[in-house]
Each structure stands twice: as structure tokens, then as C-alpha cells.
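Here it is, the structure, as C-alpha cells.
Residue numbering begins at 1 within each chain, and the chains themselves are lettered A, B and C in the order written.
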Amino acid sequence: MFKAALHSGSGKPRRRATVSSPHKPAGRKLLEWRGRIDQHFGYGSSEASRSLYLEDGGQYAALLQAELEQPVSLGTTIIAASYAGGVVLGADSRTTTGNYIANRVTDKITPLAENVYICRSGSAADTQAISAYVQWFLQQHAVDLDRHVSVKTAAKLAQTMVYQNKNMLQAGLIIAGWDKQGGGSVHTVPLGGTLLQVPYSIGGSGSAYITGLCDKLWRPHMTQQECHEFVVKAVTHAMARDGSSGGCIRTVTISKDGVKRDFLPHTRVPIAYGEMQQPMSVGA
Amino acid sequence: MSGIGTGYDLSVSTFSPDGRVFQTAYAQKAVDNGGTVVGIRCKDGVVLGVEKPVASKMLVGGSNRSTYPINQQTGMGIAGVSADGRQIVNRAMQEATQYKGFYGEVIPGYVLSERIASYVHLFNLYWYVRPFGAALLMASYDSEGPQLYLIEPGGTAHRYFGTAIGKGRQSAKTDIEKLKLTELSCRQGVVEVAKILHTVHDEEKPFELELAWICDESNKEFKRVPADLAAEAEQQAKAALDEDMDS
Amino acid sequence: MFAKAPSHSTALGPGCAGPPLANPQQLSSAQASAHERGSHQPSCGAAPFAVDASMLRSTGSQPHKHTQSPYVTGSSVLAITYAGGVMLASDTLASYGSTKRYKSVQRLVKVNDSTVLGAGGEISDLQFILNMLDDLKTEDYCADDGQSLSSQELYSYLSRVMYNRRNKMDPLWNSLIIAGLEGGKPFLGSVNMIGVAFSDDHLATGFGNHLARPLFRKRHRPDMSEEEATALIREALEVCYYRDKQSINKFQIAKVTASEGVSISEPFALPTKWEYKAFVDPTRNAVGVW
């Protein structure tokens, strides 16, 4: 059910600059619906938001409607790092349309194949389309090969799409995974469609705030645990300074032993300089 | 052949009542009557050898090639109608280039063999085409190690430790079975292939021997066997043959 | 065959064949009457073939946009000939705008046993070019005739590729230097993103044109020894590092010689000089300056 809501949001036509009628009922409906979803899943205070949504004659809804007309974007922090024997991918969970957080628990780490994952940044629609294509190609390819696909091939497929459509796409990708030939490897595909294999890579708007931190903290031949800590720390600090990144931290660890997902809810993300620890909530 | 004159052998789109496609069988015959082609997979690579009957004394040596590189890590040896074989070789080159352009990696041997087999098979399906009168031995060396494949006119592809096609295939195969391929190096393999081809060629007619390999010694690239090594192998083959005759 | 009627392109002016504009513009009355009056007709009486600049612009004063712009870029490549060989040098940086993002990208690439390609500009386009050259190399290999493309042939080929792409208004955003031995003699050729191609015995791309080539003009001789050539290249690299903001002190040098073929060095750093006394207090003897 929640998935469906995510799709209806990101499936809207993007890059429509015009603001439509302020009293368009569809917009209000949408917000109301989102409020209900939040309530259903226990996110946010429903009473407060409901009054905001509905009891001001639609003005607030109109403003938010304008926000929702913005492209759905993964203003993001993503990262992937290799360690001895595998890779760790990490990402925040924030998706925005303008200043509105369209999704606060996004999963930006998408599987391309059993052994290869991708971190997506840029336009949600573009990166979803690219990922879906690569998934499809790799499925075919795995049948041809009768074994796991290589990380390099996955990266090359994504790269080709970004390169050949560079005028139309807004996608910064990090492809990482494990295969028999190359072990754990990280490949980065920035905006123009360059393909580079790197020891680690950061991407998205949040990465600008942590380049120095990562240069300082990353070491070759880390253990899996050290690498995981590095990834979480990097994303934490990016989220602390980048308004377009936030929420929770998701990580995916891939090695010869398989794939392991981890989820760090917002309440357990370490507090950075200038921030304040929230009080213990009742349920915790 | 029993099909002759019955009308069932005119097209690949017609089965005979006992379930055979004569045109495909005839294409295979074109291969079986041609010069012998031998391929063996040794411990460090693959060796291909082609026996090329010299049709005329006026023929310029080495002017009719029978082994072709497909890319740096794959090569083919043609048995049967060499013009047909070349068509398949060209297709293989295209497939290899296309695969690399799309996936960013060299096409694995078995993927290429299957693709080529599918291509060859197409010519067994429509009345307006004839099957290729050529079979191909394909040698490749990729991350999975050295491999040898045989693609036949019917559109089949099989992987072999060692095999032979063409006129002398039966005795050549018997000879190959006697080799310890897991212990043999390609350098030794070249000599064995030369011996086999000289043995099966029992006529007085002259022939040219074309040898190609892909192995660690050739830097994992498909190449013609260096001239000096090929000459030496042929010399040893002849010597061994003379010895056999004497004894 | 019937001759094809020319389609009249508003960009090229009347009487010229060519594709129509993507966004065709109506002629203004002034322009239309100018056409009618024949003001575009050359005085020699030949058919006109002039690009009417006003027609290349879309509405207002907005200039036409390029079909793309570079994202991940490399900076200068330097190249000189010397006695019996050629030498290329570049740093290993791939910038992302002004961010020094990827610091270990090799921009000097061995194309075949007698040729090296050095490239600045968009790295994805460079990778495209390299894939293309790789296919050419495989084609050469399959011909199995002992022939491979010479440096000059590669240079000609690349100049055609670059010029073709710019004519499609979709340029490959690179400056290339092709270096190798042509008939045993050193050869250097440069091609840029708009297809301008020329050959010289010392070359540079990007900032190197302004920083390194003056040095080359002064100091380069075709009969330099390898040691002299290395010293000159290193000095030029040092200058580029001081004055090109998109550079890092991590370089590679490539050589092509008859005896050793192509060799590309491991990355190395150069010693740089910052210890001058005057640097500590640069305004000491200049009162009132910053």
C-alpha cells in the first residue's frame, strides 16, 4: 500500500514549471491521502497536519501543490566503498519535490542483480527508469551466461544509458557489487556518463559536504565492520549539513557470502555538532 | 542416400518421411569430404590444425587461409566450403564486437558458440536458403580457461576436449583419444596435431598444414603458430611417420 | 537519377541546400526584403553561401545552446618530439566542474605498438573514442596481415570523427594529441572538438597552449636527447601546475621510441618551489599594495 503511494508521487509528470489552479481538488486529496498514510503508519502528528491541510480554505494546499509540481528529486547522499572481500553501499532516505519531502523513507539502494546494487541520485524518475532497464538487461544476460553477471557489465549498461541520453537524463549513479572475477568493486557514473572504477565513491548533493571527511577516513583493506562504520559516518555527516539529505540510513553489504541489508532509523542516527538529541519517545 | 530422387531432399523446409532433413545432411557431407581439421584443448590453451589439400602446383603458398581470429581471445578453423566458413567467421566477428560494445566485456566462448550455432541454424529453416557447407572449430581463452567448440551445419554447438572433422576425422579422433590432454602443453600439442594430420593424410597429394593456437605462450591471443615452431612440428611429424613406416 | 531539389535552409541563406532549422524562424520583413534585393549575393556573381548570423539565433538575444556541455574533464596534455621519439605528459586529474574529483584517471593511452593518445576534455567522450579505437584495433588484429594503423592514419581518422561530430552539432568534447612514430620519424598531431587538426613538433592542449608552448618554442629542438626532452617536459608540467587551477601534482609521461615502443610511466609527483624569501612577505618592499 505504501509502495503504491510512492509510485503515484514519483510517477507524476516531472519538470512542469507551471503552477496549476490553487483550488484544484486533486492536490488537496493527495495531501489528505498522504496524511492518512502517515497516520496509518504512525508517521507524523495527524491532527496538526490535517488542520493545516484542510482548514485554511486551500491556501496552504496551493502552496504545497506548487512544491509538488517540482521534479521529484533524490537530492541525496549516496556512497559505496570497497573493503577486503566486498563492498558496502549506503544512502540517506530523503526524496524531495522542491522543499517538500515527498518521501522520508526512500530506498535509494536498488538491486540490479543478485550480486549488484545501485545507489541512485538525481531525478527519481530517470534513475528508476535506468535501473529498471539495467535490471531487465541483466536478467537476460544472466540467462545467457548461466552464472552471476559481473559488476562491470552492470555498470557498463547503466553508463551507456546515461552517456547516450546525457541531454535528457539527470542521473548520478554508483554501481557496486561482488563477482568472482573482480571481487568487490565500486563503479561510478557521474552526470555526463563517464565510467570509472574507484575504491570508493560518494554522490548526490550531500557528498559535497563530506569529500574531505571521506578522503580522511577511507583506508584500503578495511574490514567489513570498519567499512560499514565508515559508510554510516559519512552519510551521517552529510545529512547533518545537507538539507536535501536526511531521514534514515540504509546500507547494503555485498560479499561472496551474499547480500545483507541494514537500516538505521532516524532516531538512531548519531547527533552531529550543533544538533540536539531528541527526548526518549514513549514507545522506545 | 535413400532420399535421392524422392523429392524430399530439395529443400530444408521438407522433412523426409523418416524424419530427416536431407539438405542439412548433405551440408554435413560437404564438411566430411573436406580437408581434416583437428582441435585439441591442452592444459594451457587450444591448438587448431587444418589440412589443406593443394589443388594446383601453381598455388601460392599460404594464400588460402583456413584459420581466422575473431577477436584477440577467440579464433576459428574452417572445415568444408571455406567461402561458407568465412561468412560464419564474419558473423562471429560482428557478434563479438557487438557483445563487447554492449556489455563492456569480451564475449565468453560458450556464448559466442551458441550465438554462432543459432545463426547457422537459421539456414536450416527456410526454403530460400541453403545450409552452410562448413563446420567450424572455435578456440577461445577467457576467464573460464581455454575452451574448444565445434559448430556444425545443422546448427549444433558442442564443447570438446579434442575433436576432428573432415575426411580423416575417424582416425584423427582415435589418435586424439590417446593423448593425455590434461598434461599436454600447447607446445607439445602442436607437434601432436601435426603428427595426426600427417598420419590421416595418406594420399600422395600434397597438402599444406595450417596451425593456430591460443595459449599462455601466445599471450592468450589467438595467433598462427610461429613459423619456426610450425616447421619444427611438421618435421617431427614427418620423422615420426617415417619411423612408423620403417618399423 | 533525378537531382534532389535543395531544401532551403534559413540558417544558410537562400539558394543553399541544408537541413531546416530545428526551430524555424520567420524572416522579418527587413530580412525578407534584403533577400529579395539580393544583398546576400556576392559581387562575383557566384551562388551565395554565407551563414546569416541573425538566423542562427533563436528568439530574443538568447544565443543558441550547444547540444551538451562537459561534466567530467581532464586538463592539458603536453607533447614534444626529440631525437628518435616522442614524449607526452599530463596529470591524472578528472575534474567535476571545478571540483578535483577523480585523481587517478589515466589520460595517456596506448593505442597500438607505435601510438599513444593523450586527451583533455570530457572523459566520457574520451572513453567513447577509446572504445572506438579498440574496435579498430580488433579489426586490424583479425585481418592478421601484420599491418596496424600508423600514427598519422589514426590522426587523420580521429580528425574526421571529431569534425563529423561537430557538424552534427554534437561534438566530442575533447582536445586530443596523437603521438607516435611515422616511418621511424617522430609524429605529433592534435585534433580538437571542432575538428581543427594540425601537426607540429611540439604541441599542447588547453592551458598548456598558453603555459607550456611558449617554453617549447624557446627551448625545443627536434634533435634533443631523451634527457633534455624529459627535463623540458617536467619544467613545462611544473609551470602548468603553478598556474592551472585544474591541475594536480600527479603526472604521467608517455614515450614512443623505435627501440622500446610505447611506454607509459607510473604516476609521479614533481618537486615545486615555494621557499623564496619574497614569498613570505610579498609586500615588504611595496608599500600600499595588497
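The criterion applied here is as follows: a residue touches a chain if its C-beta (ideal position, glycine included) is under 8 Å from a C-beta of that chain, and two chains touch if they have at least 3 such contacts.
Protein identities per chain, from UniProt: A = proteasome endopeptidase complex; B = Proteasome subunit alpha type-3; C = Proteasome subunit beta.
Computed from a prediction, not measured in an experiment: that's the story for all the values here.
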Most central chain, Cα average position
C
What is the chain whose Cα centre is as far as it gets from that of subunit B?
A
Between subunit A and subunit C (Proteasome subunit beta), tell me the centre distance in angstrom, where each centre is the average of that chain's C-alpha atoms.
37
Subunit A-subunit B separation of Cα centroids, rounded to whole Å:
52
Between subunit B and subunit C (Proteasome subunit beta), what distance separates the C-alpha centroids? Give it in angstrom.
47
When you check subunit A against every other chain, which residues touch at least two of them?
159
Where in subunit B do residues touch at least two different other chains?
none
Interface with subunit B, subunit C (Proteasome subunit beta) side, in the complex: residues 131, 134-135, 138, 141-142, 144
Per the touch rule, the subunit B residues reaching subunit C (Proteasome subunit beta) in their complex are 65, 68-72, 93, 96-97, 100-101, 221, 224
Subunit C (Proteasome subunit beta) residues within the subunit A interface of the complex
67-68, 70-72, 94, 96, 99, 101-102, 105, 122-125, 127-128
Residue ranges of subunit A in contact with subunit C (Proteasome subunit beta) within the complex
159, 163, 166-167, 190-196, 198, 208, 211
Which subunit A residues qualify as touching subunit B in the complex?
141, 144-145, 150, 152-153, 155-157, 159-160, 181
